[in-house]
Structures are given as structure tokens and as C-alpha cells.
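Below, chain A partners chain B and then partners chain C, in two separate complexes.
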Partner chain A sequence: MKRLLWPLLVLAALLAVNLFFTPSFFSVEMKEGHLYGSLIDILRFGAPLILVSLGMTLVIATGGIDLSVGSVVAISGALACLRISEDGGVFSAVVLALGLCVLLGLWNGFLVAGVGIQPIIATLILMVAGRGLAQLITDGQIITVNSPSYKVIGGGYLLTVPFGILLVLVVLGVTAFLTRRLALGVLIESVGGNAEASRLAGIRARGIVITVYAFAALCAGVAGLMISSNVSSADGNNAGLWIELDAILAVVIGGTSLSGGRFSLGGTVLGALIIQTLTTTIYSVGVPPETTLLVKALVVAAVCLLQSPKFRDKVFRRAGPPSSPRPAAEEKVRVTA
Partner chain B sequence: MLVVAGLAAATLTGCGGSGGGSGSGGGDGSITMGFSQVGAESGWRTANTKSVQEAAKAAGITLKFSDAQQKQENQIKAIRSYIQQKVDVIAFSPVVESGWDTVLKEAKNAKIPVILTDRAVDSKDTSLYKTFLGSDFVEEGRKAGKWLVEQYKDAKDPVNIVELQGTTGSAPANDRKAGFQEVIGADPKFKIIASQTGDFTRAKGKEVMEAFLKANPDIDVLYAHNDDMGLGAIEAIEGAGKVPGKDIKIITVDAVHDGMQALADGKINYIVECSPLLGPQLMDLAKKVVKNESVQARVVTEETTFTQEQAKTALPDRKY
Partner chain C sequence: MTTAILDRLGARGRSVPAKYVPVLVTAGLFVAMFVVGGIRYEGFATGQVILNVFIDNAFLLVVAVGMTFVILTGGIDLSVGSVVALSTMISASLMAGPGWPPYLVVPLVLLIGSALGLVMGYIVHAFDIQPFIVTLAGMFLARGLCYTIGTDSIPIEDPTFTAFAQTRIDLFADLWISPSVVIAAVVVLVAAYVLHYTRLGRTVYATGGSEQSALLMGLRVGRTKVAVYTISGFCSALGGVLLSFYMLSGYGLHAVGMELDAIAAVVIGGTLLTGGSGFLLGTVLGVLVLGLIQTVLSFEGTLSSWWTKIFIGLLLFVFILLQRLFSARRRT
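Moving on to the complex of A and B:
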């Protein structure tokens, strides 16, 4: 848990800022038969980012990176909305959209593990081409659908709780189980540590890499359904734009190393929540739009500095007596989700 | 509306009948126009393209149409090819504001008049083009403000307004904000209590509005810089258990189909039109500049505004 201490403190600080500006920030009430409040908003709007970040975490754990998730988000929403606007079958539309996303993920995995292209280049292909594909599907227009059952995925409620939050909990639970209760997590970290050595040790490295890329695309696909369902429309140009960068940021804030070999699902969720809380904070505190990006950058920079043991050592040693001479060694201890 | 697309899936609608070679001498009356469009990134843009094509046909002008797919180099290529083909007039909607001097000088040297549509260029040499035909975004903001002032002219209490701005730094966002501010600023009872960018998208409009609703319990009016953000905000307002159009009055700009539908349904109160249908005006201007008649350096698109009643009657005939 120690590694998650700093992100947790940052999240707490952000929430405290909100409480200062909006005294009713923590109040959660029932409205129109569902939970209503700022905290619920953060979870609801953060849900797609958490999903994309979970997929990204596993990809990064294998030493890779997936830049194409934003385009996959757009494709998934576009295809689902197109199918629904044509014949209205929500279930088939969702299955078709997610199926295509898995296929796109397999393609990424094939390029990385099968052909040996560097992950950043391999997924850059789909990042650019995928946006075009989404626009091709929507014909460059915004497709508006009017389907109450599709609306549930991103904008609906089950037992007063936003459906999107429940969906995230399920995906998080399944992922945590597969990677932390079964051997898969260790295998992923092993491949991320050294793919060739893992292969020689008898791990099917190639299969693992392809699987995580497919998983990342599937997560992005579900996120895409959520985003488009939340506004009952598909926008091929803007849906999921730059979400890959937010996801990478969430993973990094959560303490997963970009060089692979180690990951923390709990940290990633925390990272995504920090990003979403920051966004909500900016809206409710009333930061002028011209300076929004600067404020975001400052907070992110502060989080990253706080996360660095070296930086903490330098700054806090001056303030008080050093607590432990070498905290860096301890940082390498793995954290379970 | 000013969305930058990566790879626009646009069709190159080469207008049929290429005008019989270069037989477009000055005297015989038939005019050939080269038109370079930005792309096909939105319903607005598609309607814009259709309007130009239909108006050209109606005016008897031969149209050579090319789609730049959001890329300036494609547009420059298209303009150069129009110069080589010796068209009578070139019209285009610039993808970006800067970097046009060289190619426009080439057109000027070839004595081909140029008309800008929808978007301006930042060139200092205004002799490079004859006129700029497009919407006046500041005026759109003023129209929105005027309606609001009229609605609340008898109210004594302060009117709390929240604003959803377009993409930060874009001309429509800056100008629609300025025009609105200019009109409502005259009366201190109008207060903009929160203003944020919603990037012209529905998803952002909804997200920002959710936050507004929680941070500001007492919102009277929402002013959104385009329909899409307004449509997203409507969902947020409904989710908060309020009635859009009644509890919170909504003013938007654009008048695209979904927006007009919401207006007719009573969820939006007032829409200021930003019309893409500038084809007929463009053809009139083209005829004038080819005949070397003088035209005004800035021509504003003919635009109107819609109340809920007007939307109901106008909706069946809307082209976009």
C-alpha cells in the first residue's frame, strides 16, 4: 500500500479543494430514483477512463504501449450507433462493436508480437487509421440514436447506481482475479521484464502479448459504448480523442513502470480517479478555460514529483530528519491489486 | 463545427460535366468556378457543400469541386490546378488562417478573382482576394444576448447565466462570447456565474453542465456556443431532475437538425442560426466579380433566428 500513499494524498487534497469551494461537494442524494452528487459524477464520467487505463496497464506491464485506444473508443461507439440506427437491435450491435474491437486488438498484438514492430509505431498505425475508420462508419456525421436500452450502458442506472460504475467494478474484479489470483499476472510481468528470457523459460510470450493488446482494445470498446451511450450519439471525430494519453498518465500516476515488468491495478484506478477529479474540480471551481491546461499540467507535475523517491528525499530531508536512509529499495516491492 | 478531422472520409464529388474544356472566355457569359471545400467533418459542412453545388447548377455556373480533407496542402494543390485550368473565379473555405499569400499571389497574377467563404485568412494584403462571404460570429452572440435581455426585461432579480464555450481560442468561440457579453453587459442584473469550454461536443457539454449544476444550485439560463453542447447539457439538466427549457432556459447557436428538433420539442428556448446555405450568395458574388463589378470586402451570410414556434414550422423544410 505504501506506493499508493502519495496518489491517495493527492486525491484527498483535490477533494478537499472542492469541499472548500463547494461545501455540498460530498453530499450524495437520491434524485429521480438514482444517486446524484459530485462524487457520483466523478465515478460515472471517470468510468470510461478507468476501463481504458486498466487495459493500458496490462499492455504497459508487458513493456508495450497502446496509442490506438482512443480510435478504438470512437470505432466502437460509431459501429454500435450505426447498427442501432439501422435496425435497432441493441444486443447484436454491442456484440458486433466489441467483436470488431477485439479484432483490432489482435491486429495490434500481431504487429507487436508477430511481426516485431515497436509497440509505439505498431499502435500509431491504428491510432491514425482508426480515426478515419470511425469517420467512415459515421460518414463524418454525428449519428444520433434513440434507444432507451442502449442508453443504459453509459447513462442508465441499476439499483440506483450508475450502470457504468457497476460495469467498471465487474471488469476490475475479473481483471484482478485473472492477474492476481491466477498465474497470468506473473506471466505478464515476466514477459515485461524480459520477453526472450520468459520464452526460454517456457512462457508463451507471444500469446501473452497478443492477449493483452486484445484485452486493451476490448476495454476501449466497452468505454466507447459508454461514452456514446451517455449522450445517445456517436461522434467519430471527437469520441475518445486523446484518451490514450490520459490513460497512460493514469497508469503512470498509479505507479506502474513504463519500462514494464510491474503493474498495479489499484494504482491505475486511483490515477484515473485523480485525473477525473481534477477535471471536475476545474469545472466547479471555475478555472477560466484559457488556463485549464496549465492548471492540469501543474497538478500532474506535482503528482509526479511527489511520486519520485529522489525528489521526496531531497525536499523532505531538509524539513525533517530522514526516516529511512534508502527508501528506494523498498519501492520495488510489488503491490497487489 | 470547426472540428479538425484526421482523415476525413470524404468523397471527391467531382461535379459532372467538366464544362467543355477551357472554353470559358470572358465574353460568352458562361462562368467556371473552382471551389475547394474544407472537408466533410460535420452535417453543417455537408449542407454547405450541397448548397454550393445546387446554387451553381441553378445559376448556370460550371463548378469544379474538390474536397481538401482538412489539409492545407490539398487546398493549395487544388487552387494551383484551378489556376492552370484557367477558371473564371476561385472560391474556397480555408482550412487554416495562415500561409495563403504565395498561392493567392499566383491567382492574382493569373488575374483570377478569389472569394473566401465561411472562414477568413490572416493575410495583410487584402488585394489578394475580392471578398469574404461568411457568418458574423460576433453578431450571432449579440442576437443571443438581445433575446435574453428581451425575455428578462421585466425581471428585477439577478439572472444567473452559465456559458458553454466552443473550443478555446477558435474564432466562433471568441466572437460568440464577445458579442453576447457586449449585449448583456449593459445590465448588471445579468450575471455569468460560470463559463467553461465544452469543445463544441455533446459529451463535453454534458460533463461540464453536470459540474455546473452541482457547483451552482441556482442557474436560470444556459448559453451554449453550439447546438451539440446544448444537447449534451439538456441530458445533464434532465438527470438533475430539472426541466430544460422551463427551469433553465437554453440559448444555442447553429440550428442543425437535432438542435431544431429539441427547440421544437420545447427543450431549447432560442437558436441563433449559423447558416451553411451560402451557395446562392456565393454565385451572385461570383457573377459580379467576374464582370469586374465592385463588391463589398465583407459580405455576411443571410441568417435568422428561431423561437420554438418558428422551429415547428421550419423543421420539415430544413436541409440539414
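Moving on to the complex of A and C:
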């Protein structure tokens, strides 16, 4: 839990800033049977990012990285909207879009685990080509659909709660169960710690790597449906642009190390919420929205520096005895524990 | 099929060392594209078409040269596109607002770019944070600074800049280039000299080959790492200056996604992304191939712009597969 301390403090500080500028920030009210309020908005607009980040967490836990999620977001929304505008069957469109996303994820996994390409490069291929593919599907246009049942995914409500939030809770619950109650999480961490050793220990490292990439793409696909359904249209050019960077950021802020071997789902959710709250805060405090990126850069730099053992040693050396002269060794122990 | 080609290359004798093969493949691809284009389209097979590729991509070439240094050490620099945009923005706003003369603006922009690179390199080296994350923060920072300067496009009306943009340097037989191409060519030559004939260049290769060994050999790995990010920052700023010659405007949305183009050019040019192996000539060829794809698409006319991305993705895939085959062969 100590790992979650810093992200929690940052999130609390951000919320406190909001409370200071808008005293009614924490109020949640019922209007026409729906929940309304700034906090609900943060959750609702943050839902796609949380989903993408969850998938990214597992990929990063295996020591990989998935740059293609942004393109997958665009592809999924584009394909679903295209199908709906052609024949109107929402269910088949959603299944088809998610199916294609899983296929793309399997492709990434195959390149990484089967061919043995560096993850950052393997997924770069789909990141570049996928954006083109999404534009190919939409023919470079913005496809608008008028389907109330499709609108539910990103903009609807169920039992007074926005549907997107429920969707995130379900995915989070299933992922947490699979990785923390079953052995899958330990297997993923072991592959991230040392893929070759895990294989020799009898773990099907390849299968696990391929699975997490497929899972990441599936999460991105659902997020893509959410984004496109919220605005009832698909934009192959801009949907999900740079969401992969935000997702990686959320994972890193949440305390998952980029070198793999351990992960924290709770931390990732916190990280994604921090990013979304940051955006909301910038609007509510009245800072010009252009500076969002600037603030984000400073937060990233601060969080990364705080997490770097070398930085802490250098800066806090005088404050106390050297906490861990060999941070790398400590890391390895934690992986095997 | 690729394996067959590799085997044949290997069987032909030891005259072609394996390290040159990726560059040769890229060169072959470029020639093949040019020949096929020449057969398919009228007016394609002229020298000016190739020169136009240089003219339209001079800024990308300069940026890709900087990226080559970083990737050779095994790092990556995601901030280049934003630094390019920041450079166009700073030069445009300084010349439009306070009316600074270009001979002050250009050195200042180059200094800012180098300083950004220096800081990122220092953080990568001193605090052991992954280059990917550090340069990602740099990317946000530079892009954010652009928007803080202004959200609109600022036109550049400075007479020196416009004169520079419109100058044509005539070569023989109706061929011409722009001054930007000359600058890019100088950058390539200087960079090639630094990489192959100076201590810094050899340390870059050594660091990328094996950082541990380089350290044990007593090479200044830390200083080299800081240096390559500074070089990349400088090249991005220079690329930004060339882009503002080309566009005659400063805009926060210039060069969005250019880091991907630069990385793609370096990879297609045969530089290993794990570092330690690759040539500057390959990067030049990589930029040419990317540029030629766009030229072919514009000659084809019916194909839409997104095919560029799909083709670049395909090319990336083929070349990465090729690299993979080579590194697998070398190990056995």
C-alpha cells in the first residue's frame, strides 16, 4: 500500500485545489433519475482512459509496452459506426469491432512473443498503420450514426449511474479477480521479471504475452466504442489520439515499473483519475486550457523523479541514512516474493 | 522470401559484410521504387523528382539525423516533433511581435532546442529514468509551451526569411534545389564525420553496443548520453528553422507525429533500435524512401493520403523483420 501513497496524495491535493476554487465540487445530485456532479463527470470522462490503462498495465507488467492502443481505439469506433450506418445492427457491429480489436492485439502479441521484436517497435507498426486503417474504414470522413442503443455505451445511464462507469467497474472487477485471485497475475509478473526463466520453470511465457496484448487491444476497443458512442460519430483521424501516452503515464504514475515484473491495478486507476482530474482542475481553476500539456509535463517529471531511486538517494541523502544502497537488488527480491 | 534473399547475399561471398546489407536493401528498394514509378508515370523519372523529395523533406532529414544519434546509443527521443513546432513558434512570434532580426532569432532558437535536449539527456543519465518517459515529458512540455505562446498560426513576413524561402539554387540542366537542402546536406556530412571519425562518434556506437562494456572500457558513457540528446535537440531546433522557411509560419500544430516519421526513417535506414549498429547513409535513404512514397501517391492521384501511413507501417514491418533475421543469424 505504501506504493499507492504518492499517487493518493497527488489526487487528494488536486481535489483539494478544486474544492478551494469551486466549493460545490464534491456535491453529487440526482436530476431526472441520473447522477450529476463534478466527481461523476471525472469518472465518466475518465472511463475510456481507465480502460486503456488497465490493458496497458498488464502489458507493461510483462516488460512490454503497447503504443498501438490509440489506433485501436480509432479502428474500433470507426468499424462499429460504419456497420451501424450500413445496416443498423448494434450488437453485431459491437461484436465485429471488438473481434477485430482482439485480432489486432493477437497480431501485436505474435510480433512480440512469436517473432521476438522489441515491444515498442512491434506496436509502433500498428500505431502508424492502424491510424491509416481507421481512416481507410471511415474513408477519411467523420461517420455520424443515429442509434439510441449505441449511444448507451458511452452516454447512457443504468440504475442512475453512467453506463461507462459501470463498464469500467465490471472490467476492473474481472481483471482484478483474474490476476489477484487466480494465478494469472503471478504468472504475468514472473514473465515480466524474466521471460526465459519463467519458460524454463514451465510457464507458457509466449501464451501469456500474447494474451495480455490481446487483452490490451480489447480494452482499447471497448474504450473506442465508448468514445465514439459518446459523440455518436467516428473520427478515424483524431479518436484516441495520444491516448497511449496518457495511458502509459497513468500506469507509471500508479507505480508500475516500466521494466516490468510487478504491477498495481489500483495504482493505475488512481493514475488515470489523476490525469483526468488534472484536466478538469485546469478548466475549473481558470488556467487557460492551452497550458494543460505544460502542467502535465511538470507532473510527469515530478512523479518520475520521485520514483527514481537514484534521484531520491541524491536529494534526500542528507535527510536520513541511505535507505537502499542497492535498489536494483531490492527490486529483484520483490519480483520473486 | 526474405530468407532466400539473405541466403543468396550470404552465399555470394564475404565481399558484402552483413552490417552493410540493411543499407543496401534500403538503397535497392529506393531504386526499385524509382524505376517502377518511372515506368508507370510520365515525367516521374527525372532528377528533379528526387531533388523535390529532398526539398520537401529537408527538415525531416535534419531531425532524423539527430534521432539516429539517440537511437545508436539505444535510446529514443519522442520530443523532436514538439521541439520542431516550438522552434517555428518562437521564431515566428519573436519576429512578428518585438520584430527581432533573424540573425538573433535563429541562434536563440538553436540554443533553446539544444538546452531542452541537454536537460532531457541529463535526467536520463543522472536519474536512470527511461528515455521514453523523459522525452515524453519533454514532448508535452514543448507542445505546451507552443500553445502558451499562442494557439493561432503566426505568419512569418521577415524579408530575410521569405527571401531564403524563395531562393532557388540552380544546378546543371534545369535542376534546382533550395538552400534548406544545402543546410541539410551539410548537417548530414558533419554528422557522418562525427560518427565515424571522432571519439564521440565511436563512443556512441560503443554505448549502444553494450553500455556495460563501454563503461568497463573507461569510456565516458554518461557524457555521451547527454551529448546525443543535446545533438538531437539541436537538430530538432534546426529542423524547426528549416520548417519555418518551408511553411513561412509558426504554429503549435506543426510537425504533429513527426517523431514517428523520424523513427520510421531511421529504422527503414537499417539502424538497429537496440543501438550500436547503423549508418547515417541509411537514415538518408530512409527519409528518401518515405518521401518517395508520398511522391508516388501524389502521382497515382486516386490513392488517398492515409495510404501513406499504411505503406509506412508495412515498410516498418518488413524492415524490422529483416533486422530480426539478421540479429538471429549473427548470434548463431
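Assume the second predicted complex is superposed on the first by the 300 of 337 C-alpha atoms of A that agree within 3 Å, B and C clash if a C-alpha of one lies under 4 Å from a C-alpha of the other, contacts with A are read in each partner's own complex, and residues count from 1 in each chain.
What we mean here is this: contacts are C-beta pairs under 8 Å (C-beta built on N, C-alpha and C of every residue); 3 or more make two chains touch, one makes a residue touch a chain.
Just so we're clear, the structure is a prediction, and the values are computed from it rather than from any experiment.
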| item | value |
| --- | --- |
| Fit or clash between chain C and chain B when superposed on chain A | clash |
| Touched partner set for A:E290, first chain B, second chain C, both or neither | both |
| First (chain B), second (chain C), both or neither touched by A:R131 | both |
| Which superposed partner A:S85 touches (first chain B, second chain C, both, neither) | neither |
| Touched partner set for A:N194, first chain B, second chain C, both or neither | neither |
| Partner chain in contact with A:L258 - chain B first, chain C second, else both or neither | second |
| First (chain B), second (chain C), both or neither touched by A:S233 | first |
| Chain B versus chain C as contact partner of A:S147, first or second or both or neither | neither |
| Selected from 9-17, 45-53, 189-197 or 243-251: the stretch of chain B that, after superposition, runs into chain C | 9-17 |
| Doubly contacted residues of chain A, that is, touched by chain B and again by chain C | 128-129, 131-132, 135-136, 139-140, 288, 290, 292 |
| Chain B to chain A touching residues, read off their complex | 3-10, 39-43, 45-46, 165, 168-169, 194-197, 199, 201-203, 206-208, 210-212, 214-215, 217, 228, 231-232, 235, 239-241, 258 |
| Chain A partner contacts - residues on chain C that touch it in the complex | 76, 123, 126-130, 132-134, 136-141, 143-145, 147-148, 151, 260, 263-264, 267, 273-274, 304-310, 312-314, 316-317, 320-321, 324, 328 |
| Complex contact set, residues of chain A against chain B | 21-22, 24-25, 31-32, 36-38, 41, 45, 128-129, 131-132, 135-136, 139-142, 144, 155, 227, 230-233, 235, 237-239, 279-280, 282-286, 288-290, 292 |
| Touching residues (chain side chain A, partner chain C) in the complex | 65, 115-118, 120-122, 124-133, 135-136, 139-140, 236, 245, 248-249, 252, 258-259, 288, 290-298, 300-301, 304-305, 308-311, 314 |
